[in-house]
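Got a structure for you, written out below as structure tokens; questions coming shortly.
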């Protein structure tokens, strides 16, 4: 008798779940200056929506995807639209740091969990009343700077110059790299900026050359990162050139050609997944992801940025499944809260950029030695230089 | 500062300046005849090398279709003008054939890209500016901004967000006073001077004068046999030619992407205004000035480069404007 | 009219309760944009100064308030005051540098400091938090309640926007407002009726900047995050687009533009279901095409297009007492010219010219083409500076004085090619003449303290229109007048200035015979009102029948002087004119 009741309850619950839908809002910079980051993220979300990387069981998932044109105001408008009009349970996106930072207030106020795809540590740290709702998947600038600095120290580099974008990306690197370099006893002899749309960086490069640094770090993303490196090489610079993980897309190699040969850069493990030792946790999911992405968008088309969206989804998927046990999606507030709690409770989710284990004070949950590797450009390919394990 | 660095900065500034000067020349040309501040010129400057890059990769760039489409729309608009629609339709077909030729013979990609982009100027004038012959400068400006959005959006759709690198026409270097100057840069400077001289001379010919008269005095233009419409189309055509050539020559040095045009156009505009939006030689001087300011400020304080360049402009502007400080009518 | 306005206000107040939350958010952004666009209405639409730098002013106020709040815990309301003060200061300094620039130099100057300020906001990381920006700004509080939801912020934002619009509306319909509108493209005419163009431009500039500043403050405390990107050149251009699309020459127009484009951006996101399956992005293309389409359809903006289709109420006829008349001058001769000389690049246009105008007479200044009449006129009117010589008017030296100074003394001019303002009504054009006779300062106009004086000025101008026979057309746009009527209006405007001496520059040029006769009668009438007239013309017939005395100029010098009959008998004059008039 009792069993029958339970059976009926399960049945009813199942019916309710079958009708319920989980709505996920996405705002990305598919146009504007950060388009080279936002487009692979969008492409990845398209694959996710089609179910390529698995969908949570027992519930329908709907995606609402908006473009913010790399404009924080538009990102906030999108966020409010997604929350107020589409009544989403979770927001993924905020391709750039300013966009993500701008979205914090909007999500915290509406009490909607948010997984950011941007780098700055300030997005999730410190976890205060607002950032209670905010998580992110990409490695922080701090983490990546640590990788660069460790590599520099290991190579006996004493002096280094920085040349980066005059955008949030370049600024984040400038700040974190300066901090890490100082801590490691590296001397930062020049810190210069340029615009992604500049047609010449000769002035900056001459300034750097005049300081004769052992190495130069270029803090830039996508193909505009080529120009400073090319100018350095053309003006006869012989030291080691480092780039950041922002360049990790195929167009960089194509445009860079011989000028970017032997460049070193830190990156998430996905960039050189096939070359990783089998024991490296991210290897398998990264290969799966790359295969699916290339099947759809062409061989060699994958970049590390799409991987952040994939990781966000791996975290969200598990959290949704667990949250469904605690609240029903039609109870908006309760489900958002449950989802938030479950995202925070993420343990050991293996993504393409590392293993995520979050907690009340850590809303990123990546470990340095699993989330960063050093890569060298060799013969126009990404080659694993070293891991930090 | 040691003389080598000074020399490098000087040559870099002059090369950048030549690019700005070419854009400035095209803007002055268009403004002098039509009173349009042609913001989408920056996009067209980029379209040329991006189209070339498409050919080099063996693709048919979408600009071919865009160019042909605009010409066909133009043909439809002018359908009651005797042979004009057929000529225009023929031009559109010609652009299509050129596109195929570009895919077939990549060695001709540069000139073909130039010819493919060329109709965009006059067609845009016919479609968007000719219907409003009496517009104010402000109205034309906002129209131009609208077109800038359209062409920029199309640029992203056609070519993607990435930059493209193009082979240099003159890959070597030229020693000038012991300094290696990239050959491509020399070409760019030469092109700027050539375009300046050409336009200057062109506007001393009867046809050139009539063209400019069309902007100032409609009656005078009619007497000399040029309609305001024709003047506008010719100005847009010439300007697009200058802009596209600038893009093709500069791209091997600077790379090219869909979103680099606006800033380029802005700096060209600055140079053009330093020339009072009327003088070709002064526009070139203005371009050089902007280029040099930029090169030296990027050496001294790269984070504030743009701020320095634009702040230093203010006294120059005041000085240029000083001569006109008496009470007299504006515009 | 008033009832419709009230109804609109009630409707607006109810709006946030009628629309879903996201639209409340959009309405807040609309108000923010409208504040900036309303500044552009004043600056670009009325004063004709195109600014590409309004977003920079938003940034100055926004950052001021944000930094005070984050670093020193200053309340946002104090931040607003501080923000506006700093913005005003910036605008004052930049305005001093730029409003005197002419033609295209001014817009470029605005671009220059827009770019420079943007870079500073982004690069002075220590102060501004750089491009990454500063998060966690405090919300605005009213009576202890934090305005964090879009509905309550709606009232704050729209309250400020409407307050600002109200101030501008008052200003525009004041003596200064009319002058600001007159400045547009015709600083000479404005200066001839007592405006100081650079000062007025400067105030316009500061006022527009303050609107943008308020918008910037609203923006940062709504988003509660600040970084430079909303204060970029692109943003400035965007506000200019809004204003132009809606109709930059009217307040409803700029509000309409702000609402339309704020909405359009969102509708396109809904309408173009491009999102999935396509990696390209077509919103900006559609946006650009719609923008171009609107302008092709309605080149003056949408509001004028709509307004032309709305019924219009005729305002009441101005009545009541006029302005107090000027104290008559007892000086005789009223105007004394001694040794007046002016050359242009070595060419002597006027050479040691001396003559006088006696109180109450009509003096004709004639001469063949190129005799130097126009130069003399411009020297007397203060448009040109003489190289040498003296001009005494009503006992005071005025050589080299600016027109806005001499008009106050009662020296009033008309223009050969009527310098009227086609977008203003006939009455408003005539009211420009009362500017030197009225006193209300700009701030008084903003806060509606100038009403009594305004009424008297309107009555005075209306009487001047009656005097020239244009009262029937008082509320028509001046652009609709025929040439003869335009001359009449020029006269009416001059009369409204209560002249002691009226300088008439070729008033009969281009008129038909009938119109000329009417004009002659009008000028005769002026003498009866005790106005002294100096008439410059080469229409011998008109001059000879009208004037008491004639001064004949030839090659920049005085050739003859005397009664019309005397001069006509003078062989030198006949000689000069046979060559000139034939």
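In this document, chain identifiers A, B and C correspond to the written order of the chains, with residue numbering beginning at 1 in each.
Methods note: a residue touches a chain if its C-beta (ideal position, glycine included) is under 8 Å from a C-beta of that chain, and two chains touch if they have at least 3 such contacts.
Fair warning: this is a prediction, and the values are worked out from it, not measured in the lab.
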item: Chain nearest the overall C-alpha centroid of the shown protein atoms; value: B
item: By number of C-beta contact pairs, the top two chains; value: B-C
item: Distance from the mean Cα position of subunit C to that of subunit A, given in whole angstrom; value: 53
item: CA centroid of subunit B to CA centroid of subunit C, Å; value: 35
item: Distance from the mean Cα position of subunit B to that of subunit A, given in whole angstrom; value: 38
item: Touching two or more other chains - residues of subunit B; value: 153, 156, 303, 305-306
item: Residues of subunit C whose C-beta touches two or more other chains; value: 119, 123, 281, 283-284
item: Where subunit A touches two or more other chains, by residue; value: 31, 39, 166, 193
item: Residues of subunit C touching subunit A in the complex; value: 20-22, 25-26, 29, 119, 122-123, 125, 130-133, 135-136, 148-150, 219, 223-225, 227, 229-230, 265-266, 269, 275-277, 279, 281, 283-284
item: Subunit B residues within the subunit C interface of the complex; value: 128, 131-132, 135, 138-139, 141-143, 145-154, 156-157, 266, 269-270, 273, 276-277, 303-308, 310-311, 313-314, 317-318, 320-321, 324-331
item: Subunit B-touching residues of subunit C, taken from the complex the two chains share; value: 44, 48, 50, 97-98, 100-105, 108-109, 111-113, 115-120, 123, 185-188, 191, 197, 233, 237, 240-241, 244-245, 248, 280-285, 287-289, 291-292, 295-296, 299-300, 383, 385, 402-403
item: Interfacial residue positions of subunit A with respect to subunit C in the complex; value: 30-31, 39, 42-43, 46, 49, 63-67, 69-74, 76-78, 80-81, 84-85, 97-98, 101-102, 104-106, 109, 120, 122, 130, 166-168, 171-172, 175, 193
item: Subunit A residues touching subunit B - in the complex, by the definition given at the top; value: 31-33, 35-36, 39, 166, 192-195, 197-204, 206-207, 210, 222-224, 226-227, 234-235, 249, 251, 254-255, 257
